[in-house]
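The letters A, B, C and D name the chains in turn, as written, and every chain counts its residues from 1.
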Amino acid sequence: MQTKYAPFIFASLLSLGSASVFSQSATDEIAKYREMIADGNPSELYEMAGEELWKQQAGPKKATLEKCDLGLGPGVVDGAAAQLPRYFKDTDRVQDLESRLMTCMQTLQGIEQTEIINGAFGKGARKNVEAIVAYVVTHSKDMKINVPATHPKEKEMVALGQKMFFYQGGPMDFSCASCHSSSGQRIRLQDLPDLTTQAGSALGWGSWPAYRVSSGEFWTMQRRLNDCFRQQRMPFPIYGSDVTIALSIFMANKGDGGTVQTPGLKR
Amino acid sequence: MNNQRRNVLRLTSVIALMVSTGLISSAQAAEWNKAAFEGKNLDDVLKAIGGTKAEASADIIMRAPDIAENGAVVPVGVETKLKASQIVILVEKNPSSLAAQFMLPEGAEAFVTTRVKMGQSSNVHALVKADGKWYIATKEIKVTLGGCGG
Amino acid sequence: MNTTYLRYCTSAVLLASLALSVQAQTVDAKFDAMLKDGFRAEGIAGLDRLKQDQIQAICSDTELRQTPAAQKILIEQQTKAMADIKPPSDGKYLGSWKAGEAIAQSGRGATWSDTTKAPNGGGCYNCHQISKQEISYGNIGPSLAGYGKARGTSEAILTYTWNRINNSKAYNACSNMPRMAHFNLLTEQQIKDVMALLLDPESPVNK
Amino acid sequence: MADPMRIRAAEKDGIVDVKVLMKHDMESGQRKDAAGVVIPAWFIQTVVAQVKGKTVFSAEFGPAVSKDPFLNFKIKGAAKGDEIVVDWVDNKGDKRSDKAKIT
């Protein structure tokens, strides 16, 4: 087997020099492109709609979300996204922003969670959740990611998330780690954060949710993860399920101390 | 011809009255140059906006990336020290070349940035009208395929 | 695909015997429950995709993977993967590089938003540089620019390249590259076309 | 009714820098739906910005302007505290008007 490898590796090394110089200039140009579109992030439009929804009476109980406790006390939005996911006593569960918003919509407004869970991205009640996410995450922009995961249930979810991160399956043998466990890697021209490091996780976790220019829509973390699983050729992750929350707290905890840059602007 | 012109004038004054009385918005009253937006190339568009030829000018600065990560959103900015009254952005290889045009009344700076869609890599032109003459600058923008492609 | 999965489905007993500690097993029980509750089937992406074969199970666990017992299984699996690779049925390795380029460009196939009606893509550019004209390429795999020019088309190179595309795990059980033939991701003809893209002197890869 | 715009206008050294984000799908008329039927073009056609009733900038858009359009332009002759009003209308006659104070 060794002899079979030899010519292959040798030739790869030969071509490496020119290839990396070439891709470097392309990557620089892409960086320029991203800088140009960063000014005027359309996620602001979602944020405006979300603020209105937060303060608007809705659901069978005709209540607003202004008493929703995102972990810092009823109604506190500033900094709330920076300390999620976290353990909540009332639900006895670790929750991310979206599952917590569903809890609030259920308890305060009487909107059934199943309606949102079984719905689709960008539609119906889930569309409202997405806009509210844009509003909430904007109020943590430039703050420090604060997910130390000290509660036993949080620790357990981090461990489960880590296992999920490395879990290979499907007809392409992919796991999250296939693309996100070493630095400097790209798919096409898109840089892939190394989510096994603090810096990489801070960057990856810290820049979603984001407005995706390729779809022209605001993508929450749930939607980001959903499409990662689709591209991994896995089955469909259920909205707000523990699988998605475990992966989220794994990333957030790994990126603890990094900076929240949301809402981001992505390809 | 004369009649037609009189009709247009009458229509213009009616529209102005409707705007001033709040019946329609200023955007509804504004013109939209259908012929120009149907143009398939630079010449078609130039003709439809009342030009014949455009002179290349180094005084037009185009701010656009060499490579766009996604053709759905390509930022294009045009700035010039020419005394511009109109700025026009064209994407040569789009099904219709004209993407957008901007009218600059007295007091507006000759500066505009917007975002356009590009179906494929193409030349992008910026036309500027100054003192009744048309000037042009051109830049090639490559559109790449991104992501996992699924 | 189902039958392939069943054939390689992990023996739970074997894996349990490899597990590192009791604590790990408690997490495993919760993990299994989390997987069961966390996913649903959608389109062609059934829940069977969560069932791991031995390669997937061992390569998912960076600690387990280092143990001698796991190493032994991986080598067995590698040997088996190599033995299962079928040479081209008509003995011809190279198809059309043009068709190969289209396959390399396409990242479609096998997701829940795909169907089995449309042919899959190879998604090659996602991870490899191939034709120099395509500037949008990934770097998870090695650059394949000038692949055939540097290596020629000897029998050894033809079979090595064929094997790598058919089942990369025949050389490295935990390789990141999908097993194209093993999971029927690409047809024999498609693999021949990708072979031509890499090895045909007329292909832009070798210009 | 159409969704609101986000307008930001900031004055510096006599020049007002105006940034506008509009919520609109800007459907190109080139795309097909899942059933293969062409989705008809639906896009903003005209945008007019006014200060004190006077047009200070206007734009004509075709379907090649990106979804959720962004405009950045600069005007003179307006001061901090003045109100800038932006109107748009699309090819189906939907319209929207929003305003912002110049800061």
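By our rule, contacts are C-beta pairs under 8 Å (C-beta built on N, C-alpha and C of every residue); 3 or more make two chains touch, one makes a residue touch a chain.
Just so we're clear, the structure is a prediction, and the values are computed from it rather than from any experiment.
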Given the two chain pairs B-C and A-B, which is bridged by the higher number of C-beta pairs in contact? A-B
Cα-centroid distance, subunit B relative to subunit C, in whole angstrom: 49
As a quick test, compute the distance in whole Å between the mean CA positions of subunit A and subunit B. 38
Would you kindly tell me how far, in whole Å, the mean C-alpha position of subunit D lies from that of subunit B? 14
Residues of subunit C engaged with two or more neighbouring chains: 111, 113, 125-126, 135-136
Can you list the residues of subunit D that touch 2 or more other chains? 66-67, 70, 72
Going through subunit B residue by residue, note those that touch at least 2 other chains and give them in order. 67, 72-73, 77, 115, 144-150
All chain pairs that touch each other: A-B, A-C, A-D, B-C, B-D
Applying the document's contact rule, which stretches of subunit D touch subunit B when the two form their complex? 15, 26, 28, 30, 45-48, 50, 55-67, 69-77, 87-89, 93, 95, 97
Of all residues in subunit C, which touch subunit A in the complex? 1, 27, 30-31, 34-35, 37-42, 45-47, 49-52, 55-57, 59-62, 110-113, 125-127, 129, 132, 135-140, 142-143, 145-147, 150-151, 156-157, 160, 169, 171, 176, 178-179, 183-185
Residues on subunit B engaged by subunit D in the complex (per definition of touch): 25-33, 36-37, 72-74, 77, 91, 94-96, 98-105, 107-109, 111-119
Which residues of subunit A touch subunit C in the complex? 1, 4-5, 7-8, 11-12, 14-16, 19, 22-23, 26, 156, 159-160, 163-164, 166-175, 178-179, 184-189, 230-231, 233-238, 241-244, 246
Over in the complex, which subunit C residues touch subunit B? Could you list them? 105-109, 111, 113-114, 121, 123, 125-126, 135-136
